[in-house]
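Mind having a look at this structure? Questions to follow.
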Amino acid sequence: MENRARVLIDCSDEKGLVCNITKVFFDLDLNIDHNREFVDKDNSKFFMRTVVTGKFNTEELFKSLKSITPQDAKIKIIEPKRKKIVIMATRESHCLGDILIRWESGELDADIEAVVANHKDLQSLTHRFNIPFNYISAENISREEHEQKVLLLLKDIDFDYIVLAKYMRILSNDFVENYRWRIINIHHSFLPAFIGANPYKQAHSRGVKIIGATAHFVTSNLDEGPIISQDVIPVNHYYKWRDMQKAGKDVEKIVLSKALALVLNDRVFIHKNKTVVF
Amino acid sequence: MENRARVLIDCSDEKGLVCNITKVFFDLDLNIDHNREFVDKDNSKFFMRTVVTGKFNTEELFKSLKSITPQDAKIKIIEPKRKKIVIMATRESHCLGDILIRWESGELDADIEAVVANHKDLQSLTHRFNIPFNYISAENISREEHEQKVLLLLKDIDFDYIVLAKYMRILSNDFVENYRWRIINIHHSFLPAFIGANPYKQAHSRGVKIIGATAHFVTSNLDEGPIISQDVIPVNHYYKWRDMQKAGKDVEKIVLSKALALVLNDRVFIHKNKTVVF
Amino acid sequence: MENRARVLIDCSDEKGLVCNITKVFFDLDLNIDHNREFVDKDNSKFFMRTVVTGKFNTEELFKSLKSITPQDAKIKIIEPKRKKIVIMATRESHCLGDILIRWESGELDADIEAVVANHKDLQSLTHRFNIPFNYISAENISREEHEQKVLLLLKDIDFDYIVLAKYMRILSNDFVENYRWRIINIHHSFLPAFIGANPYKQAHSRGVKIIGATAHFVTSNLDEGPIISQDVIPVNHYYKWRDMQKAGKDVEKIVLSKALALVLNDRVFIHKNKTVVF
Amino acid sequence: MENRARVLIDCSDEKGLVCNITKVFFDLDLNIDHNREFVDKDNSKFFMRTVVTGKFNTEELFKSLKSITPQDAKIKIIEPKRKKIVIMATRESHCLGDILIRWESGELDADIEAVVANHKDLQSLTHRFNIPFNYISAENISREEHEQKVLLLLKDIDFDYIVLAKYMRILSNDFVENYRWRIINIHHSFLPAFIGANPYKQAHSRGVKIIGATAHFVTSNLDEGPIISQDVIPVNHYYKWRDMQKAGKDVEKIVLSKALALVLNDRVFIHKNKTVVF
C-alpha cells in the first residue's frame, strides 16, 4: 500500500543537504511529487518541503533524515489527515462566510470545529452550516476574564489552528503563547501601514491611492507577526472611508482564505518573524 | 418628505447639456449627492448619472428633463426600491456562495428570488439560506425544451436581473432576447482571450502567465456581450490547469459580485457593445 | 481663432455650482472637451476641471466665473503653454532616465531646464540629451549652505516644478516653502509604510509580500505630503533587500512619471494633505 | 581560483535526478548558490537551474552530469560572460529607450551591439548612447529583399539575442529559423487576445477593462511563440484607443525589459511552446 507525506525540513545550511536528503528518498524508493527548497544565505538557514509517495515507515524515514541533517534540524513528516480549525470572529461576516462556503464545497482542507464570537451577529450564519457557535460576551468583564472563558472552551476542542476572521479584540500575550504559531489573523491594512485600530479611517485620512489587507501569524506584538499573504486594490478620492471599508472586505477575505490554504497545506515556514512560503 | 432618486440620461451630445440638466435640478431645489457624466466624442454620445435628493414629483422631473434634452434621450428616474434577481447555476458553488453571503449580511442590494440549476449539486447550499431552488434537468431533452421549462418557471417570478453564476450551458438567441440587457454572466477567462469551453485548459495549453475573469451582459453572441468588469491574477509553470481553475475561482466570484453591484446600483450604461461604468 | 484652456475651480460647495459654471461656458459659446467635478461632502468642498475650446477672452471668462462662485473660489484658467521643470537627483539613473526618454520622444509635456545633483554620477547621462547638468556637492558643508547654493542656482532658472527623481537628501522647511506645492518626490515605499531611510531594508526585514512606491508633493514633514500616485509589485522570500531595490526601480520610475504627467496636465487638486486626481 | 557557472539541465524525468545531480556538485566540492528545479508531470519532463561556485573543470563537470542524466538530457554550463544583443525597432522609442537607460546604468546584463530599424526616427536617440544605428528601409522592396539586407548585416555581428523592441514588421519563417529561440518580441496586447495588427484599436473596440502586454519568443506563427512575461493595467471608458496606446507603453517596456533580464540570466526554459521561468 502506498503512503503519501509532506516532509518539512528546516535547519542550518550546509553543503550537500539537498543531495543527502534526496538520497534518503531515493534509497527508500520514494517518489518525489513536489519539491521546493530555499536557502536564506543571510541567516544560513535551509528550508525544504517535499511531497513523497511510496511505501515507507514514518519512523524509519524520520531517523534516516535526522541522521544526515544538522543537529538543529526540525523535521516534520506530515501524513494525510484532515486538519481542524476554530474560527474566532466578532460581527462582520465576509471572512467567516468565505471560509464556510469553501468548507461546504469541499475546497477547504479542514473541518471547522467551532465558531467563537464576542457578539451574536454571526450565530444564524454559522448555524446555517450546522457548525457550533459559541457566544462569549466580553461586556462588563476584563480582558483576562473574557480570555479565560474562551480558553476554557477551547480546551475541550481538538483543533490545529485558530483563524481570527475579523476578530476585533486584541489577544493578550498569555493567550497567544498558548497557541504559538497556530493563530492566523487578517488585518485590514497593508501592514506595516496603519497598525492598530480603524486602518481604513487612517488610510482615508492619509489620502492613499491603494489599500490592502495582510494575513499574518499572531504574536504578542500587535499586528507584527510573520506575514503570510498580502494583497491590495486601488482607491481614489471618490472613496469615503466607509467605501474603503466595503471595498476592502473582498481583499480581506481572499487574502485570509489564501493564507489559510497555505498554512493548511503546510507550505509556510517561519523564521525570525518572516515566512518562507512554498 | 425627502425623495431620493438616481437619474440616468443617455442621449446624443450637444452643447449645454450639463448646464441645462443641472439647471433643472437647481430650479426644482434638488440636492446633487453624486454626479458623473461622460461624453463619448467618437460617437457623439452623452451619458450622465446623478443622485438627487429633495422634494420632487417624478413625472414633473421627467418632463422637465425631457424638454431640455435631445429627442433620442433615454431618461430613467430610479427611486429607491430593492431589486430582485434570479441566479442560474450548474455545479460550482463559489459564485453562488459569494452572492448568498453578501445577501445574508445585507451587503447585496437585492433579494434573491430563486436559484435555477440544471444539476442538483447546489440545492443544499441554497436551502441553507431558505431560498427556493429549482432543479431543471437538461438531460435527454433538447436545448429548446430545456429553455422552455426554464422560461415557464421564470414567467412566474418577478425579477430585474438574471445572474449566470457559472451556468455552464449556452443560452439560445431566443432566450436571451426575452431578457435584453438583463442577463449578467461570468466568463472564466480574460475575454476576448479563450472564448468558449474550458478556458483554463486553453490558458494552460497556451502557457499564459496571467489568467482572468470577465463579467459581461449576455447577448446572442457567445461571450461577446458588453464587458462590465474584469480582473486577473498571475500564474506560472507550477500551475496545472486544475490549479488555474482553482485559483481562478476567487477572481471569478469577485468580478461577478463587483459587476452585479455596479448593475444593481444603476451605474452601468450600455452603448454599442461597450459599457460606461460610473 | 480658437482658444483652448483648462479651467480649474476649487471652492466651498453650494447648490447650483455645476449649473452656474457650465452656464458661463454655454453663454460664451464654449465647447466642453472634458469635464470632471467632485464634491468632497465631508469637507463641503467642490473641485472641477474643465477643458474648453472656443473664442474667449481669458479675463472676461475669469470674471464671469468669479461672479457666480463662492468668495473662496480659486479659479485658474490655464492656456496651452509648455511647462518647465527642474530635476534634482543623486546617483540612481532610472527615474531621470525615464523622464529623459519621454522628453526626447515628445511624450513629456514639459521641457527640462536643468538637472541638479549632489553627485556627478548622472552627468554623462544628462549630457547625452544636451541638458544642463549642475553638480552641487553637499560634502563638507552644512545642509543650509548646500541648499543656499541650490537656491542661488534655481533663482536664475524659470521653471514650474521641481521633480525629485531619487534625490536622496532631506529638504529643509525653508527650502520647501520657496516652492509650495511645486516639488514632487518619489519615495521608494508604499507610504505610509517605511517612512524615512532605506525603505527596502525595512521592507525586507519586516518580511512583506508586496513592495511599492509613492509619488507625492513635498511638504516640510518628511514623506508626509499629499499623495499623487502609488503602485506595488509582489515579492517573496527569494528577494534579498538588494533584489527588492532592483525590482522596485521599475515601480518608482513609472509611478513618478505618471504623477508628473498628471501634475503637468493640471489634473491634481490639493486639499488638506490629500489630492483629488482627475 | 574560484569559478562560477549556471548549470541548466533539461531532460526526461526519472527517479533520483535531484539526488544524482546534487551529488555531482557535492563530490566536486561545489557550492550551490541558487537552485530551482521543476518537474512537468504531464510531460514527464525535468528542468533544473543551479548556480554553482568552486574550482571546477567545465568539461569534467559536463561529463559527470552527462553520465548520471537520461540520454535526452540537454546540459548547459554557462560561465560568466557578458552577453550581446541586437535591437530591432521601427519608430516608437519607449522600449528601446528603456533598454538604453538600463544599459547605461550597468543594470542590463548585456552589451548592445547594434540597433537595426526600418525607419530613421530612432537614429538620434541611439546615437546619443554611441551605439551603431543601422537604417534599412523596407520601402519599395519585398519582405524577402528587406530581410536579406538585414540578414547580411546581422551576419557580421556577433550576438546572442535579437530583441524586437516594437519592430512593427512580421518576420518570415526563414528569418526566424536563422535564430531559433534567440528572438524576443514584445506584443502590445495580453496574448492570446488581440493577435495581429492594432491591438489597442481592437481592445478599444471590444470595450475591455484591462489591457496588457506580452513578451515572447518569436516562432514562425505570428504572436504564438512561448510566453516569457505578461502584465496588465486597468482602463475604462475614458480611454480612447490612443490613450490605451499611450498608457500601454509603460507596460510594454517593463514587460519586455523584465523578459530580457530573465533570458539574459538564463532563467527561461522552453518546452512545447511554453516556458518554465525560474
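As written, the chain order gives the labels A, B, C and D, with residue 1 at the start of each chain.
The definition used in the following text is that a residue touches a chain if its C-beta (ideal position, glycine included) is under 8 Å from a C-beta of that chain, and two chains touch if they have at least 3 such contacts.
A quick note: this is a predicted structure, and the numbers were derived from the prediction, not measured.
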Shared interface partners, meaning chains that touch chain A and chain D: B, C
Pair exhibiting more inter-chain C-beta contacts, B-D or B-C: B-D
Centre-of-Cα separation between chain C and chain B, whole angstrom: 38
Cα-centroid distance, chain B relative to chain D, in whole angstrom: 41
Where chain D touches two or more other chains, by residue: 41
Interface residues, chain B side, partner chain C - complex: 15-16, 18-19, 22-23, 25-26, 29, 31-33, 35, 37, 39, 41, 234
Contact set on chain D toward chain C in their complex: 92-94, 97-98, 100-102, 104-105, 107, 125, 128-129, 246, 249-250, 254, 257-258
Of chain D, residues touching chain B in the complex: 38, 40-42, 190-194, 206-210, 212, 226-232, 236-238, 240, 273-277
